[in-house]
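Shared between the two complexes below is chain A, which has chain B as its partner in the first and chain C in the second.
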Partner chain A sequence: MNISMREENGIALLSLSGRLDLASGTALKEQVKKLFANNMNSIHLNLAEVEFINSSGLGAMVSIMKETRMRKGRLTLSNLATYVQEIFEITQLSHIFEIFPTEEEAVSSFSTVHAG
Partner chain B sequence: MARVTDRITILLAHLQENDTSVRIQAIEELGGFDADEAVAGLVVALEDTEPAVREVAAEFLAERRSTTAIRLLIHFLGHDQISTRNLASETLVRIGAPAVDDLITHLDADDPDVRTFIVDILGLIGDRAAVAALVQCLDDPNLNVGCAAAEALGRLADSAAVEPLVGAMDRMDDLRLPAIEALGNIGDASAVAPLVERLATDDPIVLYGVLDALGKLGDADTAERLAPFLDADDRSIAETALAAVIAIDRRHGGRISVDLSLDRFTDYLFEGIRDHDADITDFTLSRLKRWYGNDVLRGLLGVIDHVSDSDLHRITELLRDVGYPAGKAITDRLKTAAKPLKLRLLDLLVPFVDDELAAAVTPLTADADPDVRQRIAHLLGISGWTGAIYPLKELALDRHAHVRAAAYKAIGWLGSDAQVECIIHGLDDKYPEVREAALGALIIIGGPHVIAKLTADLYHEDTERQRLSVMALGWIGEEEVVSSLVNAVGHPEATVRQSAINALARIGGLQSVDPIRATLHDSNPGVRKATASALALLAGERAVPDLIGLLSDDDIWVRYHTILQLGTIPGDATVDALLPLISDPQDIIKLAAAKALSGLNSQRACSALESLRSDENEDLVAVAEQALSQIGDSA
Partner chain C sequence: MPRYAFDYPSRSDSEARAMDDLFGLLEEHQIPHELRQHFALAVSEAFTNALVHGNRRQAEKIIHLEVEINDDLLSADITDEGSGGLDRIANRSTAGLLAEGGRGIDLIRHYTDASFSETPNGGLRVTIVMNRKSNVAN
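Our next item is the complex of A and B:
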């Protein structure tokens, strides 16, 4: 799995591609841990290119979400492919993750929240 | 011509009849004549004792807009009947701009009431051509005319009136307040400096007016000047100053960053939110992040059930930023809240519930209301608090299915594999939503224990349980489930075999190809369709011979599905297999073949597809044309 990262307005935007399983889930957690170490607690994961996700991949996402909450940060997801969307529905994880149709909508939600 | 005059004379006589309908009919007919006598008749009808008659006459006069009508109406502004004066005035306003010149001409009327009427009418018409004349009226010897002129100038909102109004404000005490209001309504920034100077007034009434006017036209600097008035002893003045700052802030998109001491306005602001005042709501919420304390949070939670959904969303996000103190205030408020508010408050906790807050709301797992218990289960699940497991296990035994479902979901989110046995019980629940929640929890937890349990359940006595197990194994998707799924390919239940094949295809890996090939002749067409998809995905070109074999399947939908799968595998062998199908006796097969060939972009398919263009079936023609266009584009 590939993880590319860029920063926009203090939000770490990670684009994932390939299969999200035990190995890649661990790599993703490591990457996010580095972001936390740099005090970047606003994270967005673009899952447009994720073609497969299994139990370990879900576990990694849940673990990142918990860590983000613990740090009073915010984690959003976007562009879930049908398969990924389906597993999020079956596991009801769609109820605990903030999921947006597009990365732009997710990013703008950060600015809405922090305006004022 | 004589006949017209005669008719008008008759109609004017009808205006004296006792019968109202006759008089109305006469007015309606008079409205069709241009002659001055007819217009005069309509104006006279404004004096009619019957309101309906007067209104019909006014309607025709307003439409007519003739000079005669205008002049007669102005004349009627001095009528001794107030109702007639008012109707004449309203009609002139409706006539609008065409009446302005004549109205200005009559501003020298002897009767100050008429002058006042005219000034009011000019203000309501809103034509800036009247500005100069109205400025003159500021010096009218009659105070009412002067005040009306100031108000009218405010309505016309022309910056040319600013200087005369500032002058009038200084010259005449009685004109000061209307002039200040007018300056506020004009909204021209050039009035800011003279108004700011009047902030030093001793007259509280004037001060209210100045504060209000500055609220309408001030900028960020003005807001700074208003800030000290928030500490005024006179509470009304302080609230007026705050309202002015809020108005300035709104006009500047909420970007005014003046430091304001808002603590004494908690009630005022939250009352504004309760009354759905959008400006106050926006202002208060925008300030909340840098201004919160227990009183403020309590005030906010007191109006939480009065705000719109979008404001509730903003409040939720703000509270998330405030964090624990907000959560504490919410949990305190929960103790006395009634059900609808309680549910709303629990929803507010969602973005920032943590271990501590989760522990604080845990007693509500015993709440009498199942909806509250469901929300609590949800909160405990997202809190990530491991201490939530025990109360969640209790909730998994709740007598309400939606509470049990929420509890299983939450246990899954907490991801503890020590709870697998507990979750497995959920798969036996008589309600599908609970079984599905338990299944979701098992998928998240995964791991050897779950896989072993689900693998055993593939041969559970209940076929529904078998179906859930194979689905869950598929979604778990780890390497460890492959052997269980491969075994399930030979399961007695067709739905289990089909789910196993679909899951193996998703997981990938060539080790699944041979076991799946064994199902090419499965007795169930649904399984054979799954086989076609799985082989195409897993084996690609190597699957072509098997897929070609399926083209002779007895079931037309298996053939249809197989053709579409072949369309995903480029190569001559695929095209060779598909081309004859363009002449298949079944339209549905021809359709699938055309679609598949379109995806393969092979020039060799063109002449076969051309032959479909003259087919009687419009769908086939459309697909063929689309396919040919696609192949042409890619050539």
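Our next item is the complex of A and C:
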């Protein structure tokens, strides 16, 4: 899996591509840990290029979500392929993650929450 | 009918190698995308279970993967060298929403007909079967 990152208005935008599984889930958690170390607690994961995900990948995202909440931050997701969305629904994780159709909508939601 | 066998050491990079091998086979046999994704997910979950819970990441222990592809079925056997294989399945607890693990077996059962058996040495063998005709092709 490849992870590319940029920052926009204090939000770390990570674009993931490839397979999100046991090894790459660990790599993702390590990457996010570095963001936490720099007090970046607003994180967005764009999953548009994720071609495969399993429960280990889901577990990595749950771990990141719990850590962001503990730090009073937020984790958002966007651009889930139909197959990935289906797995979120089967596991009911769609109920606990903030999932947006597009990255733009996810980023806007950070301003809305801050403004509110 | 084509049957393929692979052995992997119980290292964390083996899962990616196994998935490379599996996706290669499914592509070679022109398995439709959706069916391919569901089958690969189930195999991946069984493989991770073997790696983490069966062989406990001990590299010298082998995960054996056998895949059969014919006109009617996709099937896979994933076997570890751990112990108490069936007890691990029987005693597993249901994952809470905020749990980081424990969803793999449920996903296998959701997408496939799966059965669990134990090798003479106590390892777990997960047998996954998908009917090619009754699964939606795209």
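Here is the rule we go by: the second predicted complex is superposed on the first by the 115 of 116 C-alpha atoms of A that agree within 3 Å, B and C clash if a C-alpha of one lies under 4 Å from a C-alpha of the other, contacts with A are read in each partner's own complex, and residues count from 1 in each chain.
Definition applied: a contact is a pair of C-beta atoms (placed from the backbone, for glycine too) under 8 Å apart; a residue touches a chain by one contact, two chains touch by 3 or more.
The structure presented is a predicted model; accordingly, all values stated were derived computationally and were not measured.
Residue contacts after overlaying the shared chain place A:Asn54 against chain B and chain C alike. Look at A:Tyr83: by the touch rule set out above, it reaches both chain B and chain C. In the superposed pair of complexes, A:Ala23 makes contact with chain C only, with no contact to chain B. Contacts of A:Val62 after superposition: both chain B and chain C are touched. With both structures placed on the common chain, the touch criterion links A:Ser111 to neither chain B nor chain C. Shared-chain residue A:Lys72: touches chain B; no touch with chain C.
By the document's definition of touching, neither partner reaches A:Asn2: not chain B, not chain C.
Comparing the two complexes, residues 21-22, 52, 54-56, 58-59, 62-63, 66, 83, 87, 90-93, 95-96 of chain A contact chain B in one case and chain C in the other.
Touching chain C in their complex are the following residues of chain A: 19, 21-24, 26, 52, 54-56, 58-60, 62-63, 66, 83, 87, 90-93, 95-96. Against chain B, in their complex, chain A makes its touches with residues 21-22, 52-56, 58-59, 62-63, 66, 69-70, 72, 74, 83, 87, 90-93, 95-96, 112-116. Of all residues in chain B, those touching chain A in their complex are 254, 285-287, 289, 317, 320-321, 323, 352, 354, 378, 381-382, 384, 409, 412-413, 415, 436-437, 439-441, 443-447, 475-478, 506-508. Across the interface of their complex, chain A is touched by residues 12-13, 15-16, 19, 34, 37, 40-41, 44-45, 48, 51-52, 95, 97-104, 106-107, 110 of chain C.
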